[in-house]
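Once you've had a glance at the structure underneath, I'll fire off some questions.
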Amino acid sequence: MDSERTYTLTASCPDRVGIVSRVSSFFSTHSGWILETSLHAQPPDDGEGVGRYYMRVEIRADSLPFDLDELRRRFRPVAEELNMEWKFADSAQKKRLVILVSQQEHCLYDLLARWQAKELDVDIPCVISNHETFRGFVEWHGIPFHHVPVGANDKEAAYAEVRRLFEEARGDVMVLARYMQILPVDLCAAYPGRIINIHHSFLPSFVGARPYHQAWVKGVKLIGATCHYVTADLDQGPIIEQDVIRIDHTDTVADMVRYGKDIEKTVLARGLHYHLEDRVLVHGTKTIVFR
Amino acid sequence: MDSERTYTLTASCPDRVGIVSRVSSFFSTHSGWILETSLHAQPPDDGEGVGRYYMRVEIRADSLPFDLDELRRRFRPVAEELNMEWKFADSAQKKRLVILVSQQEHCLYDLLARWQAKELDVDIPCVISNHETFRGFVEWHGIPFHHVPVGANDKEAAYAEVRRLFEEARGDVMVLARYMQILPVDLCAAYPGRIINIHHSFLPSFVGARPYHQAWVKGVKLIGATCHYVTADLDQGPIIEQDVIRIDHTDTVADMVRYGKDIEKTVLARGLHYHLEDRVLVHGTKTIVFR
Amino acid sequence: MDSERTYTLTASCPDRVGIVSRVSSFFSTHSGWILETSLHAQPPDDGEGVGRYYMRVEIRADSLPFDLDELRRRFRPVAEELNMEWKFADSAQKKRLVILVSQQEHCLYDLLARWQAKELDVDIPCVISNHETFRGFVEWHGIPFHHVPVGANDKEAAYAEVRRLFEEARGDVMVLARYMQILPVDLCAAYPGRIINIHHSFLPSFVGARPYHQAWVKGVKLIGATCHYVTADLDQGPIIEQDVIRIDHTDTVADMVRYGKDIEKTVLARGLHYHLEDRVLVHGTKTIVFR
Amino acid sequence: MDSERTYTLTASCPDRVGIVSRVSSFFSTHSGWILETSLHAQPPDDGEGVGRYYMRVEIRADSLPFDLDELRRRFRPVAEELNMEWKFADSAQKKRLVILVSQQEHCLYDLLARWQAKELDVDIPCVISNHETFRGFVEWHGIPFHHVPVGANDKEAAYAEVRRLFEEARGDVMVLARYMQILPVDLCAAYPGRIINIHHSFLPSFVGARPYHQAWVKGVKLIGATCHYVTADLDQGPIIEQDVIRIDHTDTVADMVRYGKDIEKTVLARGLHYHLEDRVLVHGTKTIVFR
């Protein structure tokens, strides 16, 4: 939460002896002050073969005697030695968040409240919607608003436009803040691990349409929401965060929708926060979240 | 929790004006002291037609000038007028609980601890198991233990024996306290609303075998358990109670099993408690729980 | 959630035989269609003497053959017979909510999002603040904004102005949506059960200033928030709703503030919702909440 | 949960650059296979001065070319260089747990169920109680039971006997599983970080006697339990784990006691589990729990 500049390494590599030692001695050699280290050894799924090692290391930028480019240059041999997938994020470089929304307000209001309070420390270059509903509200915050209607017959053009706007905005992450349209497969594939959705059920229960109605029919005693990365596989992307709330027999579908909104916006905000702080690493169809 | 004798009416009837008035004036005419009244109007599923009205009324036995048989006799015309399904339970008549268990101890220990503390105010005429594992533990509590093995080829005989034991024990309710066998359809059908199971997942997610393993593969962030009435439809009976617990990427399947046990036993105990106090009314495939 | 007009009776009286019968037969005599009935017998605190009976009855307005004035006139003898405190609320008469806020945005944004979505079905005649911070945001929503600074030396005048504005707005309920000033005793006393505060701790833990800092020092593993009626006794008014969230040793005070906001706004919204639907009845220093 | 032998280092030292590097390179030099590493930099309380660094490292025993004594001998210079407090635990060396209990059964049954299932992988050399109540139950499990009555006038002798029994049993940790006596200051002081209590409230709310009654009087909407290390300061020791459960106005004190038991035993089991796996490090009056 404080403002000192940090570089954050997120990386994964095949598990072996000496990974932590190799990485941490790289930083200590350069007097790098590590603020936070998170490590996780993921065993092989079948119990055999080689597991995978995940790490997140947050370093005070001013403790290093060189800049980020030089840090990357010098780290490269270490990463290659360990056969690592890796990247450094710079806290001084605010991430650019593009929000997609339809006609429900709760997630949008919630995100903008957090942004206004600097809790969500991002730039929001634009909000895109298939309805005009929130133009005034968004523009009042000084954020450009783009209306991209999605008709039954011009979906392709509509999503081409969404993609153009995202590129133009140099977006880092796209958040579907109750965007009630299904993104086309090629758009999902273009931004792996960069599109975040909030689904209004406790997945894998109640995939598809009208999950609260499904939950009411089933008579469950808790309902929930799921924040996940969007993949071409609808409602099946890696889960980042989930939560539930208790209901009972007196609750109608409308009540469940109302309660559900509270869970949806909280779970989305929490998942997005983890993502923005580079705390989420994808392992196949699952996530590692270094809370 | 206190020991005064009560009669508890549970009833349902087609919704109309004047139900509460008719029932409550019946009791007040006889100076019946109502300790607790729970009411619920279930709207028609399709929004049309007639809804159904559910109620639970708990009366101090000693406030009425007659006994339970007479109470039933006098209430009958009221019930008929309202076209009611109804019954009275008598707190002086302890319910008889038969426990079925396999080789996992957590639910069994938990139930017997509650029984020993009189929190579970029932008679336990016997415990039935397909293994010998818990004979000593059960018998130490002074409860008869029956070993009924379930072989691949003699299931029919085994379940006939389970049924005979339940009848002989004059069981009111059968609890599957992690009984790892699937009851045959005819046994389920013989005791509707009287067999309670604890399923080790947050249904409807992860039906079938190895739910924790399924949850691990899926990468969910919460796991749960479900207490439900057993019907011929496996894992689909009316849900009485559910709860969840948070897990994360560091948890193995074994960890999830361990955490899950805590939820399982708590959810089973809570659901059973509601059932024993006649707080659960079945409405089709769902329950009304007057907590 | 639906829009049919209802009258809601909330009432309490000394416990005795026949209360429900008397009230429900009054309604059935006039063909009143009861949508929801909630009842609670509060036993005497010392286990002796007479308990108190609480009820909430929601009736379809159009099922009665007369209007609300006539309903009140006819119900009066029943209420007097039972020595009842009572009132009827009319769903067609929207409650008037006045919001007080300082410089934190989360509760204000959350309330206005709910109001904008008609989930919070009230009129908001004005927002009052001791800072100018949210003028633009509030006015954008078409709601008048009053800046009433509270200086060290003119508190009396400031609160006289707050009171004047509340009266002028014909406010029904005043919500302190993270209003960081202590209301004077006489203002609290003027509106019993009509001023709602959100306190940023799980009361009775951490009363007074800087509760998150207190929680951090103490090393608790969960933090919470409390929605309560304001009384002259600071942080001691009847609790309407509470909730908590898990933290751990990695969380700084700033993290706790951030997590806490999510709980604060949710708990406030939930408590306010109960209040607006006349589901909260005060019993001494405690509440009965007919969820 | 699996059975391979591990050594677990828990350590803390003044924060500085290079700690992780120094420790991890020590292990990698000797080909030590690290299964799990947890790290935490605790900033100085006043924001100035030097923080403290905490770590827990779990290594596969068979990956090292020497035994534990040699490991300790070789690690000592590293520890001294870093000015470290440190210890190694050996998973092959089961911890010895002594349970103290009075007349409530829920925590005792729960602990023995977990022990019986090997979830609690400890030796239980004896159970000590100030009542005879559970002798049969404990002895049936093959565990020695000692009745040490605590009279008003012979407390000193009683606690001398408790201490003697704990020493004789070579106890590693003493668990107060609802032991309703206050341990004397000198006994607490003799075993810092080795006596674990379960308190039946969400501390710091409701310290002292009858916390559920206090909670009922206050009208809180959630009740909880706290697992903490015992210090000479009653109910003030470092908190290991807490949890809560929702109650409402219908719940009597007796209901709260019943619900509370479920939280108490779960929170105690969870806290004890962390302790036994050397996941709890004490930092002043607080704990770091490497879950």
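Descriptive notes on the structure:
Here the chain labels run A, B, C and D in written order, and each chain numbers its own residues starting at 1.
Methods note: contacts are C-beta pairs under 8 Å (C-beta built on N, C-alpha and C of every residue); 3 or more make two chains touch, one makes a residue touch a chain.
All figures in this text were calculated on a predicted structure; none of them were measured in a lab.
Set against the Cα centre of subunit A, the chain with the most distant centre is B.
At the subunit A-subunit D interface, residue numbers used by both copies make up over half of all numbers present, so the two copies contact each other through mostly the same positions. Mean C-alpha position of subunit A lies 41 Å from that of subunit B. Chain centres here are Cα means. That of subunit B falls 36 Å from that of subunit D.
Residue positions of subunit A with contacts to 2 or more other chains are 36, 250, 252, 291.
Those residues of subunit A that touch subunit B in the shared complex are 40, 42-43, 202-206, 218-222, 224, 238-244, 248-250, 252, 283, 285-289, 291. Those residues of subunit A that touch subunit D in the shared complex are 17-18, 20-22, 24-25, 27-29, 31-37, 39, 41, 63, 246.
Taken in their complex, subunit A has these residues touching subunit C: 1-2, 36, 104-106, 109-110, 112-114, 116-117, 119, 136-137, 140, 250, 252, 254-255, 258, 261-262, 266, 269-270, 291.
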